[in-house]
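One chain, subunit A, appears in both complexes that follow, with subunit B as partner in the first and subunit C in the second.
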Partner chain A sequence: MNNDKVREPLFHIVKRDNFSTKRAWIVRAVAILLALIVCAIVTMLLTGDNPFSIYATIFKGAFGTPRKTWITFQNLSILLIISLALTPAFKMRFWNIGGEGQVLIGALASAACMITLADKVPNWLVIVIMIAASLCAGAIWGLIPAALKAKWNTNETLSTLMMNYIATQLVAYFIIVWEVPKGSGTVGMINANTNIGWIQVGNKYLLSIIVALLVTIGMYIYLNYSKHGYEISVVGESERTARYVGMKVKKVIMRTMILSGALCGLAGLLLVGGINHTITTTISGGQGFTAVMVSWLAKFNPITMVFTSLLIVFLGRGASEISTAFGLNQSFSDILTGIILFFIIGCEFFITYKVNFRKSVKEDKENV
Partner chain B sequence: MKKLTALLLSLLMVVSLVACGDKAPAASTEANAEASSDVKVKMGFICLHDENSTYDLNFINAAKEACEKLGVEYVIKKNIPEGQECYEAASELVDDGCNIVFADSFGHEDYMIQAAKDNANVQFAHATGTKAHTEGLKNYHNAFASIYEGRYLAGIAAGMKLNEMIEAGTITADQAKMGYIGAFTYAEVVSGYTSFFLGARSVCPSVTMDVTFTGSWYDETAEKEGANKLIEGGCVLISQHADSMGAPTACETAGVPNVSYNGSTASVAPNTFIVSSKINWAPYFELLINSVKEGKEIPADWTGTIATGSVQLTDLGTVAAAGTAEAIEAAKAKLNDGSLHVFDVSTFTVEGANLTSYMADVDTDAAYEGDHEVIVDGYFDESGAAFRSAPYFSLNIDGINLLDTAF
Partner chain C sequence: MENRIAAVSLRNIKKTFGSVVANENVNLDIYKGEILSLLGENGSGKTTLMNMLSGIYYPDEGQIFINGKEEVIRSPKDAFSLGIGMVHQHFKLVDVLTATENIILGLPGKLNLKEAAGKIREICDKYGFEVDPDQKIYNMSVSQKQTVEIVKVLYRGADILILDEPTAVLTPQETEKLFAVLRNMKNDGKAIVIITHKMHEVESLSDRVAVLRKGTYVGDMLTKDTNAQEMTNMMVGRSVSLNIERPDPVDPKPRIAVRGLTIRDGEGILKLDDVSFTANSGEILGIAGISGCGQKELLEAIAGLQDAEAGSISYVSDDGHKEELLGKDPLKIQEMGVTLSFVPEDRLGMGLVGNMDLTDNMMLRSFRKGSSMFADRKSPEKLANDVVTDLEVVTPSISTPVRRLSGGNVQKVLVGREIASAPKVLLTAYAVRGLDINSSYTIYDLINQQKKAGVAVIFVGEDLDVLLEISDKILVLCGGKVSGIVDGRKADKNQVGMLMTKVGGESNE
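After this line comes the complex of A and B, so read on.
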C-alpha cells in the first residue's frame, strides 16, 4: 500500500487528515437522510404503509406522552451507565464483552439482599448492604478476567464473554431457589407489600436519571483530568510505552476492570432495586452488548455517549410503538433500526478514511 | 469529529424535545376525554411474546375475534417482559384511553396488580394468575379455564391410539408407555399431564407415562431433545406442555403419534398429529367487554369450561384411532352433566394409597403452604369455584414417572 511500484490493488483505503469539520457535518447529515430514504423505500415495498406516518409513530413512541418521555429517559440512563462502565476498559484496549454478566451479577446481589435481609435488618441498612453488595459483585465479575489477563495473559474477549454465561446460569439457579409459587420459574415482585429495598427518589423514574448524570460527569472528569484516566489512555495506546515510563500495567488493568465491573453492578442495582423489583435472567435485556456499540459510536467520549445512547433507546422505543400501532411484527422495526445504524456507523468510516480507486479502472463501485 | 457527532445528535435531540412539548398535552387530554365516557369500551392487551409463540398467538386471535365481534376498539402490545415494563405498558394503555387492560403471562401479575392499584376506574384482568382472590381489589381479576378437562379428553384420544397399537400387535400392553414434555414442575403443568394420563388410562388400563421438564415455556431445541429422549426411552406416544413446535416436529421425524396443545400442529406433523386441546379466550374477553359496557361486576376468579366454549379440542388428525370422536363425545357429555370428574380420587393413588384429604396451596405464599382442603365429594376440585381459577393440582400420582425435576 505504501509503494506505488508493487501491483496496485483495486482500491486503497487512506486515512484522511485534512477533513474539514464542515464536510464531516455534511457527510453525517447525508447519511441520516439516506438512511431515512432507504427505510422509507423498504417500508413501502414491504408493508405499503406511509413511511411518514411510521416516522411520526416512532417519534410518538419515544416522546408521545409525559410518561413515555420519562420511560425513554429512564431507559437511556440505564444504557448510558452500562456504556460508561465499559468505556474505561475499551479505552485501555481491554475488550470487556462481559457487561451483561457484570450487570446480572450486580442485579442478583441486590435481589439476594432484598429477599434474605427483608425481615432481619431495617430498610435503610438493607439498602446500604444492597449498594455495597451489587458494586462488589460487579467488581469481582470484572476483576476475574482482568486478573487472568494480568497473570497469564489470557484472552479477555473470551473470558469476559464466558463470565456472562456463568452469571446467567447463577441467576437461573437462584430463581428456582426463590420462585413463588413453586415450579413457576418466576420470583415475582420482591417485597411487594413492605417495599423493603425499594430505592426511589422523587417519581419512580428519577433515580436512574440522576445516577446516570452523576456517572457521566464523574467519568468525563476521571478519563480526562485524572492521573488514572491518563494511565488508561497510555496503556491503551501502547503497553510498552506505559511500561517504559514506569506505569504498573497489570495494576492499571485490574484497577480499571474493578471500576468497569462495579459500575455495571450499579446498573444491576438500579434495575432490581430501583425499577423492576424482581430478578430474571433477561433483566438486562442484552444491554451489556448494546452498550459496546454505544461506547464505540461515541468514540469513548462520555458526553457524546449521552446522545448515542439516546439514539439507540429512541429507535428501540419507536420500534415497539410501530409494532403496536401498525400491527407489524417487532422484527420489522428491528430492520429499520438496523438500516439507520448501518448508515451512521458507515459514514464514520468515510469521515475517517477515503477510498482511492486504481486509476485505470473505470467501473465505479458503490461504497455502502 | 467527536464534537460534530455530538452537535448533530444534540440537534436531533433538541428537535425531538420541541416536538415532544407540542404533542404531550394534546395526547393526555385526549386520554382524559375517552376515559370519562364509560359506555365506550377500549380494550388493551399485553402479550409476553408475539405471534411466533403458539401461546401468545392463541390470545391474539381470541382478542381480535372478541373485539371485532362486539365492535370494540383494541390495542395489542407485544413482547412485554415480566418486569416493570408490564406496569409501564399497562399505564400507557390507560393513558391511551383503554378501560380494560388484559395481560397474558404469569409473571405479569404483580405489575398488573400495581397498575390496578394506581388506576381504580380501569378494569385489569390477568390470565393464569393466582392473587386476585387474596388481593381484594375491585378492579383486578384472574381467569383460567378447566383445561384439565380438555387434556383428559385428549388423553382419551391417546388411549384409543394405544389400544389400536396393542390390537395391531405393534406393541404389547406392557409397552404402552407415553412420554410428556413439560415446561416447569408448576401446578399448571402437573395438572395438565396428570389429567392427560388419567384420560388415557380410562380407556387403556395398562398405560404408564414418563415426564421430562425443559425449564422454559418456549425452547424449541430443548423440547425437541426432550421428545427424542422419551422416544429413545421406549415411549410410543408423546404429548407436551410447552409452546414451540419442537416436540411435534421430533415426533413427525420419528413417526411417533403426538397429542398437541394450544392448537393444531397438523401443519408441521401431518402424519403423527392426533388431536390438540386448547383454551379459547374469546368468551372471557366478551364477558369483560360486556360487563364494562353494562356496568356489571367482573368475578375475581373466572374459570372457563367446555360449556362456556372456553375449553376446546381441534379436529382429529388422520392418525387418530377409529371410534375416537365417539369416545370423546361420550366422556364430554358425562363431564358436562357432572357424572364424571377428571380427578375422581377412586381412579388414582399417591404412593399406593387413595387420597382422602389434601391441603392445596391456593393462597400463594413464599413457603408454599397448603391452606385449603380441595377434596370435595370424592374428587379433587381443580380450578373450583370456591378456590381460584389457576390450577393447584401438584400431586405426583402412581403410574407417572418423573425423569427429572430440576425445574
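After this line comes the complex of A and C, so read on.
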C-alpha cells in the first residue's frame, strides 16, 4: 500500500441522464458488430472454418430461399404474438411466465374442436368455435393465477409456472385419448382428408403474419392510448397510487391477464389450426419463455418487439442451418446465439450508465 | 480560530448526475467541538454533499481532507474507518433485531452481544441517550429508532457526525432531548453537521451555519452573528417574507363530520380510537401528533382508502344534506359528486407516479372522463402547462418524469393537480415535509387560497410553529385518541406539545 499516493478507485459508475436515441442506437450497432467479431474468433478457434462463410450460411438459413423466408416470417409471427401477449402483464409488473401453458391450452382447445366437431357441424362453424374455444382456454389459464393473486396475493411467478406443467400434462393425456393410429403416441395430422378446421389465408404462411401485424398495431394503440393501457401502467408503477385515484386494482389485474392469456391462446390456435394441424406437448417449443426475453429486450414497446423477435428467430434459424451445413453440433449454434445475446443485453448497461476512469493523479494536482 | 485544523475540509468538490450539476466548487470546513448547520433549499445539494463524505457517492472532482490529510472515500466502510458517520433521514434498521444486534450488524470480529451491550450502555451514559440495548426495533418509537442510529455510528467510533433532517419526525420535547445530547457530544470534541429546514432549530443549536444554493457554496457565518431572515435570503438568493398569513374563516359551516371513528390495521392494532370532530368549510383544521398516531389512517379513511371498525364520516353538502363516506372507495366518492382532494404523505408512492411525466400524472384524476375507450391527453397536457406556469414548477419540460424533479417541485405538481378540480375538501399530509422555505411558503399560500375559496382544509403537519401559525383549529392526536382540540389563535406550543405526548395533557396516562 502506497500511502503517499491518493488511492482513487480505478473507475466509478455514473448514471447517464440524457443519452440521445441516436447515440443509443450507435452503441447497439457497435455491440452487434463486436458480437460478430467475437463469434468469428470463437468459430475459427473451435472449428477452423472461415467465419464469413458461417455468417453467410446463417443468413441463407433464414432467408436463403423464398420458402425459408416465409418460414422465418411465420416463426417470427408466432413468437411476436406471444411476446405481445405477455407485454401488458409485464407492464403491470405481473410476471406472467406462463405463456407456454397458455399457448398449449389454446392449442389443445383448437385440436379438441377439430377432432370432436369434424363430422358434426359445417367447417366454418368448426373454425368459429375453434377461435372462441382457444381464446377462452388461454384466457382461463391466464385468469386463474391472476385471481389467486388478487384474492390471496399469491406469487404469480410460481402459479403461472405451475400452470405450464398442468397444461403440458393435459395435452399429454389427450394425445393418448386421440391417438392415431393406436399405439403411436401421436395424434397425427388431424382431419388430413377433409381439412376441416384448417385455417388458411392465401398461402399457408400468410395467416399468422397478418394476425401478428394486427395484434402488434392493436397492442401498441391499446397500451399507449387507451384508458385500460393507462390503468395498466399506473398499476404497474404503483398499486397505492392506483388505489388512491380509485382504480380497481384487482379488476385491472384480472382483466389484463384475461387479455394476456387469450392472446397466447390465439397463438396456440394458429399453431394447430394454421400451421401444424396436429398437437404435441412441445408444439410451442419454449417460445412462451423466449417471448419473455423478446418483450424485455424491446422494453415492452410493441413496435420494437418486431425487431427483437426477428433477431431471435433469425439467429435461431441461421444457427440450425450452420449445424447441418458444416456438420457441427447443434450446441455450437447455441454458443453463437448466446454470445450475440450477451452483447446485445450487455450494451444496455452502457446506454444507462457511464464509466468514468481514474485520471492520473498528476493531472488532478495541476488543476488545484 | 483560524489556527484550528479542520476535522473535514472539502475543496472544489464537484458532482454531476448526467447533465444535472448537484455540487460544484464546494469548499467547506467542519471543525471539532462545533455544530455546523448546513442550509439550503431543496435540490441545493446538501444531502449529495454529505453522501460524498459518507462514501455513498464518489465526487467527480475535488479533494477531501480529513484532519489535514487528503483521503479518498470510496465506500461507507472507508468513511467509517475515517471516523465519519451519517444518520440518514430514512432509518436503516432491521425491525426484528434488537438495538444491540442492529448496532453491531456488519462489524467484523467475534460476536459478543454482552460486551457490545455493555459498550452501548457506556456510550449512552456518556452522552445522555436513553436506549435499552435489548429492545427490539419494532417496539421502538421513531425517536428511539433515531437514537439507535446515532449510537450505531458512535459505536463504530465516529467523531464526525452527519445528521440529515433529524428533527423531521420528532416532537418538540424529543427534539430538545436530541439537542441536549448533541451539545454533549460537541463538548466531547466531536464535529457535528446537521441538515435542517427549521430556522429556529438552527438558531438554538448550531455554532456555525454554511449555506448552499443551487449546488454551490454561498458562504458560512457564526450563528450568533446572523438571523433567520438573513439566512433565508442567502439560501434563496433574494429577500423573502417569513410570515404565514392567517385570513379569517370564510362563512364556516360544518363540512366533514367524523363521529366515533375506530380503525384497526391489518395486524389488529388499534390505530384510531373513537375519534370525533367536525371540519368546517372556509377553515383550516390543523392536525398535530407524533408521527404514527393515526393521522395517516384518519386522512385515508376520509379519502375512502381505509376501512373502519366503527364510527361514521359524513360529508355535509351546502344544503345540509349528509352523505356517508365510510365504506366507499375513492371512485364512488367522486361519483357521488363529492370533490375531495388529497395530498398524501408519500408523494411519489401514492399521489404521483414517479416514472410518468407531468401530463400523465395530471391524467390520474381525469383519465376516466368521457365514454370513449381512449384516454384524453389534451386537457391534462393543458393542466400540466398551467400548473408549471402558475406555480413556477422548475422542470425541463412537461414530458419529464416527475421523479427527476426536486421535492418542492414534485409537491407543487401534486398540489396543483389536486386543487385544479376545485375541491370542497382538501386533505394534506405533511404538505411541506422536506421542502425548503421558499417552496413551503408557496404551498402555505396555495392552502390559504383554498381556505378563502371556502374549502374545508384538513392540514396534518409536523412543525408545530407552522401549525400554530396557519390553523384556525388544531386537533391533537395521541396514540390514536383525540387528545384535545384547541384554538389555533390562542394555543401555545408547550400546551400542544404536552397534548401530543399525553392524552388531555395530564401526566397520568
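Keep in mind that, in the parts below, the second predicted complex is superposed on the first by the 338 of 368 C-alpha atoms of A that agree within 3 Å, B and C clash if a C-alpha of one lies under 4 Å from a C-alpha of the other, contacts with A are read in each partner's own complex, and residues count from 1 in each chain.
Going forward, a contact is a pair of C-beta atoms (placed from the backbone, for glycine too) under 8 Å apart; a residue touches a chain by one contact, two chains touch by 3 or more.
For clarity, every value in this text was computed on a predicted model and none was experimentally measured.
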Applying the document's definition of touch, where does A:I339 land relative to subunit B and subunit C: first, second, both, or neither?
neither
With both complexes overlaid on chain A, does A:A35 touch subunit B (first), subunit C (second), both or neither?
neither
With the two structures laid over each other on chain A, which partner does A:P181 touch: subunit B (first), subunit C (second), both, or neither?
first
One more residue to check, A:T21. First (subunit B), second (subunit C), both or neither?
first
Is A:Y244 touching the first partner subunit B, the second partner subunit C, both, or neither of them?
second
Using the touch definition from the top, say if A:C113 reaches subunit B (first), subunit C (second), both or neither.
neither
Which of the residues in subunit B come into contact with subunit A in the complex?
1-10, 12-13, 16-17, 19-20, 23-24, 27-28, 31, 50-51, 75-79, 81-84, 88, 91-92, 95, 106-107, 109-111, 113-114, 130, 183-187, 189-190, 215-217, 361, 364-366, 368, 394, 406-407
Applying the document's contact rule, which stretches of subunit C touch subunit A when the two form their complex?
11-12, 16-20, 58, 60-61, 63, 70, 72, 74, 303-305, 329-334, 342, 344, 346, 349-356, 360, 363-365, 367-368, 373-375
Touch list for subunit A against partner subunit C, complex:
6-9, 12, 14-18, 225-231, 233-234, 237-238, 240-241, 243-248, 356, 367-368
Footprint of subunit B on subunit A - complex, ascending
21, 24-25, 28-29, 32, 59-60, 62-69, 71, 172, 176, 180-186, 188-189, 192, 275-278, 280, 282-283, 285, 297-299, 301, 303-304, 307-308, 310-311, 314, 320, 323-324, 327, 329-330, 348, 351-352
